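The two complexes that follow have chain A in common; it is paired with chain B in the first and with chain C in the second.
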Partner chain A sequence: MVHETDAILFADWIWPALLFFLEAAALLGLLALIGGFLVAAFRYGPMAGGDTAYRMIRTGLVDFVSISPRRIAALSWLAVQESLRRRVLVGFGVFLLILLFAGWFLDSRSNDPAALYLSFVLTATTWLVLLMALFLSALSLPADIKNHTIYTIVTKPVRPGEIVLGRIIGFAVIGSILLAIMGVFSYVFVSRVLSHTHEVEVASLKKAPNDPTGAQTGRTSSVLNHRHQVNLDEKGNGSTDIVQGHYHQVTTERDGDKVRYVLSPPRDLLTARVPLYASGLRFKDRTGKGSDRGINVGNEWKYRSFIEGGSLAAATFTFDDITPERFPEELPIEMTIRVFRSYKGDIEKGILGSLVLKNPRTGRASQLITFRAKDFYIDSLPISRKLTDPAGNSIDLFADLVVDGQLDIELQCLDDSQYFGVAKPDIYLRARDASFTMNFVKSYLSIWVQMLLVTGFGVMFSTFLSGAVAMMATLATLVMGFFKQFVFDVAQGSIQGGGPIESFIRIFKQQNVTTQLEPGLTTDVVKAGDQVFMWFMSHVTTLLPDFRHFDDVDYVAHGFDIPPDTILIQLFTALAYVAAVFAIGYFFLRTREVAR
Partner chain B sequence: MNERQRFTRKIVYACVIAALLLPLSWLSQPETTESKGGMLAQMRAANQLSQAQLGEIDPASETIKLATLGMRGVAANVLWTKANNYKKTEDWVGYSAALEQIAKLQPNVVSVWIFLGWNLTHNVSVEFDDFHDRYYWVIRGINYRQEGTKYNRDSPRLLSDIGWTIAQKLGRADEKVQFRRLFREDDDFNGSRPLAQRDNWLVGREWLMKAEQVAARGVAVRGERPVLFHSHPVMCLVNYAEDLEEEGTFGEVAKNAWRKAAASWAELSNRDLPTLSNVFVRLGDKEIYDERSKKAQEELDRLATADLKEKFKAEKLASLTTAERDAYLAPADRRTTQQNELLYAVNDKMTIGHIDLAERVPGENRAAALKAAEEATFADMMSNLINIERDVVYYHYWMLRCQIEPEDSTLEARKLIFEADRAFTAAQLVKASELYDQGMKKWREVLDAYPALLKDASTTDPLVDSINHYRSVLHQLDEKFPKPFVLQDVLEADATFHGLPLPEGEQGSEAPPSGDAAKASP
Partner chain C sequence: MASDVVVETRNLSKVYRDFWGRQKVRALKALDLEIRRGEIFGLLGPNGSGKTTTIKLLLGLLFPTSGQALIFGRDATDVSKNERLGYLPEESYLYRFLNAEETLDFYGRLFDMSAADRKRRTTELIDLVGLNWAKRRQLKEYSKGMARRIGLAQALINDPELILLDEPTSGLDPIGTREMKDLILRLKGQGKTVLMSSHLLADVQDVCDRIAILHQGELKELGRVDSLLKVRDETEIRARGLSESAQSEIRAVIERHQGTVLAMDNPTTTLEDLFLAIVRDSEARPGRRAKPEHDPEPNAAPNR
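Now for the complex of A and B:
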């Protein structure tokens, strides 16, 4: 699985994040206070304005400490009822329709159907739930204000903060219920679609070449647009090759003369690997000199670095926390290695590579462990605890090679002038397998977090904007959140084509992004205007949530466990945003006549 | 604005909308059994643009188009961008899923199927190291385009592209040996097709012929010269026969394959082919036009006296500038560079056209001379046009190959060299040496009978590879490379084609041995 950035541990993240949150909150609070004072001073004079601002803060604090869970629960229930009145269940109907007809739109010949179907259901759920949250949260309060139904609430002893929080919680509850139902349906859908078995085509079974033991090879029937090669031992047991990301185990049942081959359900199809990634990766060039990166073989995507075969070039992965308790029998290495051939070579064979396990302190090493690289596949290479060194002496993994839980694994390509490409997450230890069901639940938790964010922003915008405008503002937040990096890069000027005004001119004049605008006063004005825009964009973008950070679809789709740290970071980030939008929403609602 | 004004305004809007809808409804009336429908329906039918005429009506495609709510272009752009990003980051699952969706959004844009199918067969497949994976993606690309034919059943370009890909990608790639083997074993692609027919060239030909059938119904073939378009199925048979021999199948099977190829070339020779000059020609008619031209020129020569020709030539010479005349009259070996540059234009000026000559014929012969001149000019033009088309498809060479390959001597020569190469690979040096000796002698006979074969590297390249193996065998047996060598002319021709010098001591000053000399060597 591709990780373009290193995963962050919750413990490392929480304190700097908390500090940033407090700083941003203080700054925004101060700006809001000054802004509020200026507006009030303009309307009522400086003294009265000051008094108004002071009262606003004082009342706010009183309201905050006097929040009643009972009233919030009642208001939340109202929000739930309102959602039901607004036929929110239509969203679920649409979801069912999508599932029913998914087969029409999905690629039935995909080489990784699990990834495809899981990505599909999770993405479809995300967008449906987010859109539903958007409509519900942004339109509710303005509609109540417009229809004056808000007076049935504000005339009762409730505080504005409770109205805001009640709506956020109410919409979140209805969204959660919908998500839970969608989750169950999605799980059943994916499990049913991917569940299959094959039959061994008995006529295809042949004795394995150069094998005197009586082993056989053959193939299975074609099911769901794929078939497997079968390798059976002399007793008729064995397994299939990996096709479409899974394999089957084969057992033989004999009833007199009758032989029946039974294939297991697919293995490794719906899984949740818990990987132990390397803490560091360093390279050696062809002369054996150390470097941070390997060679670029001409790929635009610089994720992986390449090492040259038949030379001293190597990639060394450093692993921490290798203990006999975690790995009592063997080191379950899994790797995805990219192959780049600089000449055709022997097409029938993969490129030969080797792994060497090394003591990071003494340099003591195991003998070469060779393998043929399987490009684009996760290749398993379990390494026994008992090893031999290059001189043929027996060594023990933990006694001789692991020091303070640390171990180096050195990868080399052995075929002359052929290349291996790796990134840090490409070689890992499969520490254990977590429950796929739990992983699926965790992915829904990340969707829930996104829904909570959209709901919060929607309610916040609806406290001071009309329904349609609040919806547009929430949608803009969502879109900006999904393209945060791009918007930030535009704001920083690191993307060709200039800022928003310059881009607009280029689009209008059909001018490409690389040509210079004609020098002159107009261009100067445009660029100056863009600077203002870009400053604004840069600061607004910094404050908005990055929705891509809440996206855990890839983990589930590629069969990796979502790290608990990631979930915790997502939860805390969302709660921080909800707290912020609640506070903003409260103050804006306070400014409305209806809430006074 | 009061309530009444608002109501009035709504009524006005409704009336305007209804007024606009009426003509629209009239224009877009659907076609029924009783009527031809509105103008839009008629135009759709006339231009064969209705979905039913283009291909299958796919509910998935229609749904996805409808779901984009008129933003199909934007959606397609977003998907193309996503697909490019997936390709960059090597996410092939996402890439192929995006391709499927793009195709569903734009099912009737043939170039989308071709372009994206090409991406799968040629660009994605090579990203994988294992040839099984490569084969999988090649077939994915072919299947993708086959899916496209459901929506565009009358596109000769798409059908031809499928045939070309099955034939050429599987039969010409670096992994062609493995691809052809996997293709024969591929029950999922071939279905119930008999094993003998499971050859990429033959299956590719089936699709190419489907394209020809569609073209024969009057659908224009765009983007490809007609002679090339029609030569693909013929060349499939040639390549099939070649690959049979390359894989060690000789005898009657190979002979029949070559005969079929020859018959197919003969068929192509008699097909009316449009040319770029909007004139239809037949590849096989060149000799007929040459004969007609010859006869007409003889008649013209009879009517126009030698004096007349000389006089005409002298006039033309006199009309040249001094520099042009000097260039024209100078002996070839003494012409300066400048004169050589001038010569092309001068020769053009000095050429005496048939019509020009006929117009100078005096008296009662003039009319007959003009008729003969017109006939000669027309026949020359047709001959030239045919020649151009013949050159495009390498007509002479392939006709010659199809003629000689089924002959016993050629088959025997190829078989001996094939077996020698196999013995060489198996390190059976003595056997290889003997087989090479016999095979090269046989090749000598073939080349003596058909020296034109030496004009093409397709003949010499594989032979030179085998000669190099032979050289290696002799070296390992501690024997010298024979001189004179029986296929010396092959080595020389190869050196000329590739602009390389012959190995030290193998420069053949002697003429290529033939007849008795061949018997003495190697």
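Now for the complex of A and C:
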């Protein structure tokens, strides 16, 4: 898994986020109040306008304190009943169908089938649940208004906020149930599809070269389009090599003369690594001089910077909390280094790199530990506690290199004119493995959060728009939320081709984005129109949730534990949005006539 | 007594506008009404006269363009007033996927009633409207009459002080109509206030204490039903035991011939006649208060 941003800790995030939320809420509340007053003043005069605005605030407060959990529960229950009536379970049927036929279009020869299958089921679940939430939430209230069933609700002591909240909760409940069922099926599907074992091909076993102990090597049978190489010790126990992201342990069972080799189920296939990331990263340039960043190789995305191979350039990662209790046997280093080749070389071989473990205080260092790095691969490099220094003396990791739990790891690229690109999360220590099942559950929690957001927006839009329009507005929110950065770039003019009007003209005229429009009044008008539209778009987009921040599929697919901080941030962000859409929905429902 | 006024409208007007804010229809014009505790008040008028608009304004389903609607002295948009009222819409706008018990339980929960109260009230009301035999059937399987009955039951779930009934007998068979009218009278007997609108003049005549007749959004007549129906410029004498020849010299001859006067009063017209006369007059003189051929009683509610 390749990180594109630094991980944020919940404790660092919550207070600034809360402050921003309160500021935004106060500002929007004030704007709503001024807008409401102006509209009322325009319609009824300034005094009556003031009175209307005052009554609105007073009613809002009274409604807020009068919210009844029993009424909300009743309205939620109604929303659940309505969802079932709308055949929401058809969505589940579609999901089952997709799973049934998944084998037809998923590449079983993939290098990482776990990532492939997990990405597939999680993405399918996400979109199905989001679409279901979209339909249910956006159509429900308008249908009630159209059928006049809302009359029997609003003529009871039901507050508009309770109607909004009841619906959000109701649809969230039905979505949660559906999501839980889909989760169970997905888990069973992935586990069963990936579960396999092999037979050791006895005829292939032969003594390991240059090994007097009687160790053997051989290969396994081919299952699911792959086979492994087997390495057995003199007792016949051992393991296979890593193919398609997993390996098997091998044990030998003897019954008289009969020897049977038993392979375990796949190991490391469905994992949830808990990485210990570096607390700091600093660079040296090609002359060995210290620097904050490496060099830019022309990559537009500046998150990573690069170190030049065959020079003194290096990236030094500082790790904290390195203790013998956490790492009693070895230091399990894993890397996701980006490789930038200035010439092709042997593409299969990988680029040669080295790691040096250093005492951050004394500078004492281990010998070079070399490896070959390939782009988009997780390179695993377990480092033993017992090391040697450059002079060949034995050193102990904890006694000689770690100071107060701190350790420096220096990375260098050894091949001339090739480059390694790194950011802070690209070298980490695999501190432990969390439960894959729990990680899977956490990924469903992130889907649940997205569903909650879509539901909230759907219900909010449905308080003042008709069903079809509310659905379109929610869909637009979803799409803009997923492509927020792109919309921003378009709005800020950093993408070639201009705004929507200019783009339309270019499509119509089949004109390349790099050529300028003909100067003249028409072009000026078009550009001015685009400016207004893009200003509006950038401000609207700012307010919308960035749905990519709620997407944890990559974590699970690539075997990383979803950090609890990430889940907490997602949950609190979603709750903040739900609070906002609840307030907006309340306002619109309170100020609209439900009858015609 | 001011506290006796349950419903009050002051200069209540409603203009429907289109998307662009242009006036489409003036549905109600400066309506002034007072409905007192314990009375059955009927809103009468042809289609489009503003009856349903008035009820919707009173319920807060619509907002007035000008004027004010007060229920229990509170603004009609105040949700808390709903604690004490029940509403039966023109059609039973209920959730068709629920059964009768679920429906009443659901509406009971909206009144924050406890589970025990909801259960008790549900049983009582299902008995009252005679749907015990169909209480577990989904409402989509109900006939129109059955739907009206369960609609009425939901309107009474909170034992309301004020009940607004929009066309309560519509869709009911003669027996159902009779039962509905009996129920309305029973509710009055329990001290409840009932505001009903209806096209069925006989129903209104049978149960209402006072009526308001609306036409084209304007109040045309308001008063007690018995007063409004009284023909003031005529005298009706009912007598027994008179010979044919004595009938020409009514009062004097009765005395002279030792006959017994059984009744001497003004005759009444039917509500249907009154209604049609008002509508005809309103069409002839739009924007003016009704002036039927027979003047209403002087102490009828004043024209506001």
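As a convention for this text, the second predicted complex is superposed on the first by the 512 of 596 C-alpha atoms of A that agree within 3 Å, B and C clash if a C-alpha of one lies under 4 Å from a C-alpha of the other, contacts with A are read in each partner's own complex, and residues count from 1 in each chain.
As a convention for this text, a residue touches a chain if its C-beta (ideal position, glycine included) is under 8 Å from a C-beta of that chain, and two chains touch if they have at least 3 such contacts.
None of these values were measured; they are calculated from a predicted model.
Once the two complexes are overlaid on the shared chain, A:E82 sits against chain C while remaining clear of chain B. Of the two partner chains placed by the overlay, only chain B lies in contact with A:D375; chain C stays clear of it. Looking at the shared chain after the overlay, A:N147 reaches chain C, while chain B stays out of its contact range. After overlaying the two complexes on the shared chain, residue contacts for A:A74 are found with chain C alone; chain B is out of touch. Legend: residue contacts after superposition of the two complexes on their common chain; A:D233 is shown touching neither chain B nor chain C. Applying the stated contact rule after C-alpha superposition, one finds that A:G350 touches chain B and leaves chain C untouched. When the two complexes are overlaid on their common chain A, residue A:V158 makes contact with chain C while staying clear of chain B. Within the complex formed with chain A, the residues of chain C that make contact are 16, 56, 59-63, 78-80, 82-83, 85, 87, 89, 91, 93-95, 97-98, 106-107, 109-112, 154, 158. Chain contact summary for the complex, chain A toward chain C: residues 59, 63, 66, 68, 70-71, 73-75, 77-78, 81-82, 85, 147-159, 593-596. Residues 2, 101, 104-107, 109-112, 115-116, 119, 222, 225, 227, 300-301, 303, 338-339, 341, 344, 347-348, 350-351, 373-376 of chain A touch chain B in their complex. Those residues of chain B lying in contact with chain A across their complex are 59-60, 63-64, 88-94, 96-97, 100-101, 104, 127-131, 133, 136, 140, 143, 174-175, 178, 187-188.
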